[in-house]
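The structure follows.
Letters A, B, C, D, E, F and G mark the chains in the order given here, with residues in each chain numbered from 1 onward.
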Amino acid sequence: MISLSVDISLKILGKSLGGTVLVKLRNGKLIRGLLQGYDQHMNLVLDGAEEIQSNGSSSKLGIIIVRGDNIVMVSPAMLKKEEQSG
Amino acid sequence: MISLSVDISLKILGKSLGGTVLVKLRNGKLIRGLLQGYDQHMNLVLDGAEEIQSNGSSSKLGIIIVRGDNIVMVSPAMLKKEEQSG
Amino acid sequence: MISLSVDISLKILGKSLGGTVLVKLRNGKLIRGLLQGYDQHMNLVLDGAEEIQSNGSSSKLGIIIVRGDNIVMVSPAMLKKEEQSG
Amino acid sequence: MISLSVDISLKILGKSLGGTVLVKLRNGKLIRGLLQGYDQHMNLVLDGAEEIQSNGSSSKLGIIIVRGDNIVMVSPAMLKKEEQSG
Amino acid sequence: MISLSVDISLKILGKSLGGTVLVKLRNGKLIRGLLQGYDQHMNLVLDGAEEIQSNGSSSKLGIIIVRGDNIVMVSPAMLKKEEQSG
Amino acid sequence: MISLSVDISLKILGKSLGGTVLVKLRNGKLIRGLLQGYDQHMNLVLDGAEEIQSNGSSSKLGIIIVRGDNIVMVSPAMLKKEEQSG
Amino acid sequence: MISLSVDISLKILGKSLGGTVLVKLRNGKLIRGLLQGYDQHMNLVLDGAEEIQSNGSSSKLGIIIVRGDNIVMVSPAMLKKEEQSG
């Protein structure tokens, strides 16, 4: 196995600890929260989490554990803009 | 493998023992109950469990074992508010 | 691995042997039967099993083996009431 | 691992060899056939198999190998009655 | 592990080499072809394969490799009749 | 494990290197391209790949890596005819 | 195991580091971004990522980690043209 960049996703998660992350789930839901922890399965612990609806509304979830196998992508949330083209 | 924070989800579950947790399932169902036990697969044992429907109704389930691979997220349920924005 | 409560779901299943359990499947079906056996994959053997339809009807299934990976949750069925709120 | 009842499903399958079994698949299909063999993945070999449609019709399949990971439940088919309640 | 009949599905496949098999896929498609090979994952190599539509039409596929994890069941195709009852 | 024909699918892929293959994906899409490489997970590298729509249109994809777990079947594409019967 | 071309997909990813890749997800979404890293599970780290809608619009995602098990295919994006035939 090539271990060249084997832990880059964990490295990004490590650098995001304490910061806000956006998590896109397989069920289409979008979660935002402060990253408190993670493991090698990409299970995440988020504080002050909230679910963001497609219509812009959100519901507070508090502290949550998100199972990694439900995650499509994770993004450190600093900048997130929506723009239309085409 | 980086084992830095490998067991943080289990640590959160450990601290939640005896308390109420909200469990979101892959089938979209929401379960609330007292956390009596868990294992490393995130299988949960809940007492006094009830399923919460999207319309606010609930049905009592008693003691249940929830298989971890059906779980999207788990939250210690202390505070849960709904708020609209945007 | 934290093995603290690693076998609590098996312990609950063990204590339920010979008693009635309710099994919720991934396909949404609800099965009720006498628990005759189980294994570490949560495969269950039920006797006198019946499938309970959402409209309250049921169909007898006799002895069945239920594969664990189709199970969402298992409940010792002693008490099961439905109540509406909100 | 608790191996207490680890092989009860295989034991039931073993006792059903040569007899008729009903197999419920994940795709909702129901198969009936004579159990000729099985393995620890619950792969089944059925002879004289037929698929039973929900409307009661059936189509002969002959000898088939059913992959275990498509199986929801298996039942020795001796007795199977349908009754309505509620 | 009980290895009693651990390789019966492979034995059936072995005896079917060179003969026609019907393969039912998870996506509902039905494939017919000459079995040229298989492995322990139930990956199959079929020659002269064709996909059989539900309306009876078929499209030639030539030589194909079918991944085992997409297979619901495999049948040596000698006899296949359709009959209605009930 | 019977290793009799354990690598026949890899052997077919090996003989197809440099040639055109058709790849049917789980999402129903059909991809055609020159097979540049593969591994034991059936991950494929295709050059000059294009997606073929059911209406006959196609869109060029260039070089692509296709994950093996999304593949239903792979076919060396030399001969592919469509014929109706029944 | 035949290790002949076992790491060709990792080799393609390695050569794509720093370049733009298109990633097709299981949920049908198309992501474009600069490949910053990857691992043997095909988890990808993309910078300047954006989601491309089927209508041509796009939304900026910034830095994202994409879980490999959600990926259908990855393409170095240099050339991507759409053409109709048939």
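Convention: a residue touches a chain if its C-beta (ideal position, glycine included) is under 8 Å from a C-beta of that chain, and two chains touch if they have at least 3 such contacts.
On a predicted model such as this, the values are computed, not experimentally measured, just so you know.
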*For subunit B and subunit D, chains touching each*: C
*asked:* Quick check: how many Å separate the C-alpha centres of subunit B and subunit E?
replied: 42
*What is the distance in Å between the mean C-alpha positions of subunit E and subunit G?*
33
*Where does subunit F touch two or more other chains at once, residue-wise?*
7, 69
*How does the ring run, chain by chain, when subunit A comes first and subunit G comes next?*
A, G, F, E, D, C, B
*Name, in rising order, each residue of subunit B that touches subunit A in their complex.*
1-9, 12-13, 26, 28, 42, 68-69, 71-86
*Write out the stretch or stretches of subunit B touching subunit C in their complex.*
7, 10, 14, 25, 27, 31, 36-40, 43, 45, 49, 55-67, 69-70
